[in-house]
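Take a look at the structures listed below.
Look for chain A in each of the two complexes below; its partner is chain B in the first and chain C in the second.
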Partner chain A sequence: MRPAYVVRRIGFYVLICAITLFFAVPMLWIASAPFDASPGLGVHWPDWTLENVRKTLDHPYAMHSMVNSLLICVTTAVAVTAFAALASYALSRVRIPGRDALLYGLLLLSSVVTGTAAMVPIFVMMYQLGLIDSRFGVALVMTGGLLPAAIFILKDFVDAVPKSYEESARVFGASTGQILRDVVLPVARPGLATIMVWAFVNSWGNFLVPFLLIRSIEKQPGAVLMQTLTDEGGSVNLQVLPVFSLLFSIPVVVLYLLVNSRYGFRFHGGIKS
Partner chain B sequence: MAGIDIEGLATVYPNGVRAVDGLDLHVADGEFFALLGPSGCGKTTLLRTIAGLEPASEGTVRIDATDVTRTEPGKRGVAMVFQDYALFPHMSVSENITYPLKVRRVAAATRADVASRTAGELSLDGLLERKPGQLSGGQQQRVALARAIASEGKVLLLDEPLSNLDARLRLEARTFLKKLQRDLGITTVFVTHDQAEALALADRIAVMDSGKLRQLGSPREVFARPANTFVANFIGSTPMNLLPGKVTTDGAVTVAGGSLPATTSSTPTDAEVTVGIRPEYLTLSTGDVAGPALRGEVVVAENLGTQSLVSVDCAGTLIGVTVPEETEPSPGTPVVLTAPASRVLLYTQDTGELLTSTDRTVGARS
Partner chain C sequence: MTSATAPARDRAPARDVAGLGVGRALGFVAPAMLLIGAFLVFPALWTIYIGITNYRLTGVEAVSPSIVGLSNYTKALNDALFHNALWLTLLFVLGSAIIGQNILGFTLAWVLRRTRPVVRRTVEAFTLLAWILPSTVVAYLWVAFFDRDGGTLNGILGTPGTAWLIDYPMACLVVFNTWRGTAFSMMLYSSALQAVPPSQLESARMVGASGWQTLRDIVFPHIRGHVLTNTLLISLWTANDFSPFLLTKGGPNHESETVPVYIYNVALQGGELGYSSAISFLLLIANLLVSLVYLRLLRRRS
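So, the complex of A and B:
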């Protein structure tokens, strides 16, 4: 082996190690800090204790915010999946002039809807509708923001359902509703599962919408509460925050693993029979 | 049981293509009817129009004497098997077979009964709990048939029923299908591009081209007396010889440097015609013969199993003739070809239509 080659390999592995470390440190912190008697901002071998967990459970708003998060995200995920299923089926099967332009347009604008740019008009709109400080209102805005991309992804799954399946059901006398329920949706199930998880994860981590639309602290979801986890002096509450972060990440991981083992998490259509 | 009546039917696609173009057709009760033609001839569109999956642009479709032209597919009393079988991948065989009953909200117990009975008829016992993905191609086809039968339609429509099977299985399935249709006695229309399949299965064949009916008749009629050169070309595993010729006075046609006997009573003398003769109906001999005949030299012989297709060069024109196995003359042998007058068909040169002689019924055998 030539020395230049060895040097290059060593350099390569050092770089890989640095990058790995960069991503590993936060993970190590979230695994160790919750169970450390004196949690800090650095990573060190913990002095094992469950005191932090008890403190978090006793926190007046921590557990409550998790329930709020679940409420908002389940509503959003279910609404996005239901509406996206209906819309993508219609868009996949009905010939409308300019259909693709419409889809791309929606997709482009969706990033504006939940994005920062449209926050003022959305706030005004929700204010007029009397949906300020409402968890339902937050779910509604996030559903609106996620729908275009969800329709776009799901349409691919619905496109992959052979037309002959539907025609066959039609000849046997099935109504459009029966065809959708008995044939199209079951066949597109991997897509529906993917969209549901994707919508859940997106709304779970969304900070801006609930931050702007929810006033009372007892209605705030986890993503917003996390930044208010401070002690009396105003500095970060390092006993509650690590445990809260760990709890906050669990639903997303569990949901992903569940869907992945059942359907395979994927963003394209096609049928495995 | 029911017949199908089609009158002046046209199906026009939004892009202006007339896939079915003014068709009149009657399918009798209990008949096994084939729609045959090259791809793009409109046969599948016709089948789908009968099913109601394509809207008819003109004309009427009647099933069992009821006008169903504007009726929803599910209310026409038709059952259909699709080319890809369209079995629902998430349902078991039993659920697939009884789906038509589930749509009609038939009780689960009755459905289970129907599933096991129909599966028995189609030798699918023991497969009821499987998913379609776990079945062979032949089994999938039988499940699709079982589902169609379980739906108790008055008319069975099959779109290319055998095309998704491999060659050996296809013959098996063909026999099975014909026996099944006989046993059930259900009016059946099937679409195929394979002339051998149509000849083997059907009671009657409609040969289609460009959305129009080119010939309607029994397999025997369509094979022995094609109504035009299009059908003549399309039917038969060895292509029909179609040669330019001229009618002479003495009940014969001159063709390829020789002559053949023909029924020329309805044709003016000296008329330019296209002479059609199937290789199977030509007789090859090495000695000399009396009467009209073609003389030529053997060019090549192709083995077809029990017979061989011999190409004979007659005055520069290649003519195909089949001979029994092991009687093939070697290339270069001078031979004589003869045929009975009833097998020599005359077509007009411009339109390619058969010049029918008045003194004979269509399809009569010599």
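So, the complex of A and C:
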């Protein structure tokens, strides 16, 4: 009994350590290489320096691509949140004819029409509309792609908000506009914040859409610039890429931690484009 | 995309408490529907049309494409590279989603369920980090990890000079995607495991059931539905995943060219927009079938 127990415990911790190492080891590089005087592709204890950070800040496109990412993702996040909020409120509170079919269709759309399955027609469409190489065009495509899922998540959220607030406001004679602005909006704020973060994180990590639609390097968002720099290779890029990877990851991690601590649940972000 | 995990639970009658009215409600829904219609539904339907033309990126067919009927589809039937892409996608889904993410995710959920919070949080933090980091960053991390000269893997194994991404591209992709996506299965299974009645686990221990027996006879019947829906969802995501492009670009010599990468290469490298649309349409149909099964399973469970 006793030795068997000890063996089991040891096996248990060996398993946990092995799994943790599997997840951690590929990540170590992003912690060591940015501050290493001679950065390579392998992980080793760095010869501390901030030279790479300076190189990255001086890079002609690196910081610029962060601004591009920010432009695209803020536009997308705001548009997704605004349009999804309007639609989900109406779908939750008003019985519009054909509502259930519409909701079912949206649910299907969110998983069926993926970026990869739609890349060719989207490319052709944007090409014919003259929206190739336009950051606004990228934000539009991302907004369209994220909206069905956003409407669904928000509708679940609005459904859970008790209707009694709106009813009592109505009893006291508030107009529809007042109810929406002063009652519904404040109550729905956590849901809206979550959706905004979710949309931001999703578009921040999206590689395929800007990769298809953006041509010039000065308009590339960070996700695409990383690929451009990787393809170029060279020792300068080996100094820039680690720092850039780190900087580019920070917003996602910070936002994730924020949502997780504020609202206590895990949003499903960053895995699919 | 994720909302697919949140099924419509609402069966309560909608009451128009703010006095919106059907007219204004339609106005609220319209902008979202316009965007979804223009950038999601229209492209999906348009693949059908482009798929029966010989439309190309450049040349005569770029200016005036003509209808070629189903010849793109008959071409796909005989295209060895397309068959290769299908086979590799199948391997990728089977290895990294159905086996890799599923089993590792369940193992983590099961093992971490009763460990000390410090241990659990540490392990979860790394798995979640792998999941939330931007795809270009993780792809670069793994390119560095697998690198021939000075990559960490060669350092650990003492095999300098092995070009993993060139010699074993599919195995690398399977490991990469298992690493990338396990967090989702882990979270899903940890919440599913909470639905297993502790009293049943307790009685299993009292009668001296082994760990394997407990899993098979008590845990599994409770979470069977979750295993099915989870497998469908991660398979769908994996089959549509574009990150293999970031690691290998489909190479060397088409050895890791999964369907998404193949579509990209045919469309934008080869310029055959018509043919790649036909393949995209096949992918859409496959997605539709999987999603329909998935939604049916969800509905039956609730």
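Following the convention adopted for this analysis, the second predicted complex is superposed on the first by the 235 of 273 C-alpha atoms of A that agree within 3 Å, B and C clash if a C-alpha of one lies under 4 Å from a C-alpha of the other, contacts with A are read in each partner's own complex, and residues count from 1 in each chain.
FYI, a residue touches a chain if its C-beta (ideal position, glycine included) is under 8 Å from a C-beta of that chain, and two chains touch if they have at least 3 such contacts.
From a predicted model like this one, the values you see are computed outputs, not experimental measurements.
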Fit-or-clash call for chain B and chain C when the two complexes are aligned on chain A: fit
Roughly what angle, nearest 10 degrees, sits at the C-alpha centre of chain A between those of chain B and chain C? 100
Quick one: classify A:138 as touching chain B (first), chain C (second), both or neither. neither
Which of the two partners, first being chain B and second being chain C, lies in contact with A:199: first, second, both, or neither? neither
Which chain, chain B or chain C, is in touch with more residues of chain A? C
Touch test for A:187: chain B only (first), chain C only (second), both, or neither? first
Once the shared chain is lined up, is A:29 touching chain B (first), chain C (second), both, or neither of them? second
Considering only touches as defined above, state whether A:170 meets chain B (first), chain C (second), both or neither. both
Minimum Cα separation between chain B and chain C after superposition, in Å, equals 8
Check chain A for residues that touch chain B in one structure and chain C in the other, and list them. 167, 170, 183, 271-273
List the residues on chain A that touch chain B in their complex, please. 162, 164-165, 167-174, 178, 182-183, 186-187, 189, 271-273
Could you please specify the touching residues of chain C with respect to chain A in the complex? 1-10, 12-22, 24-26, 28-29, 31-33, 35-36, 38-44, 46-47, 50, 55, 104, 107-108, 111-112, 115, 119, 122-123, 126-138, 140-145, 147, 149-152, 154-156, 179-181, 184, 187, 233, 236-237, 240-243, 246, 259-260, 263-264, 267-268, 273, 276-277, 280, 283-284, 287-288, 291-292, 294-295
Touching residues of chain B toward chain A in the complex: what are they? 51-53, 72-75, 78-80, 82-84, 86, 88-90, 99-100, 102-104, 131-133, 147, 151
For a test of understanding, state which residues of chain A touch chain C in their complex under the given definition. 12, 15-16, 19-20, 22-30, 33, 40-43, 79, 83-84, 86-87, 89-97, 99, 102-104, 106-125, 140-141, 143-153, 155-156, 159, 163, 166-167, 170, 176, 179-180, 183-184, 198, 201, 204-205, 207-208, 212, 222-224, 226-227, 230, 241, 245, 248-249, 252-253, 256, 266, 268-273
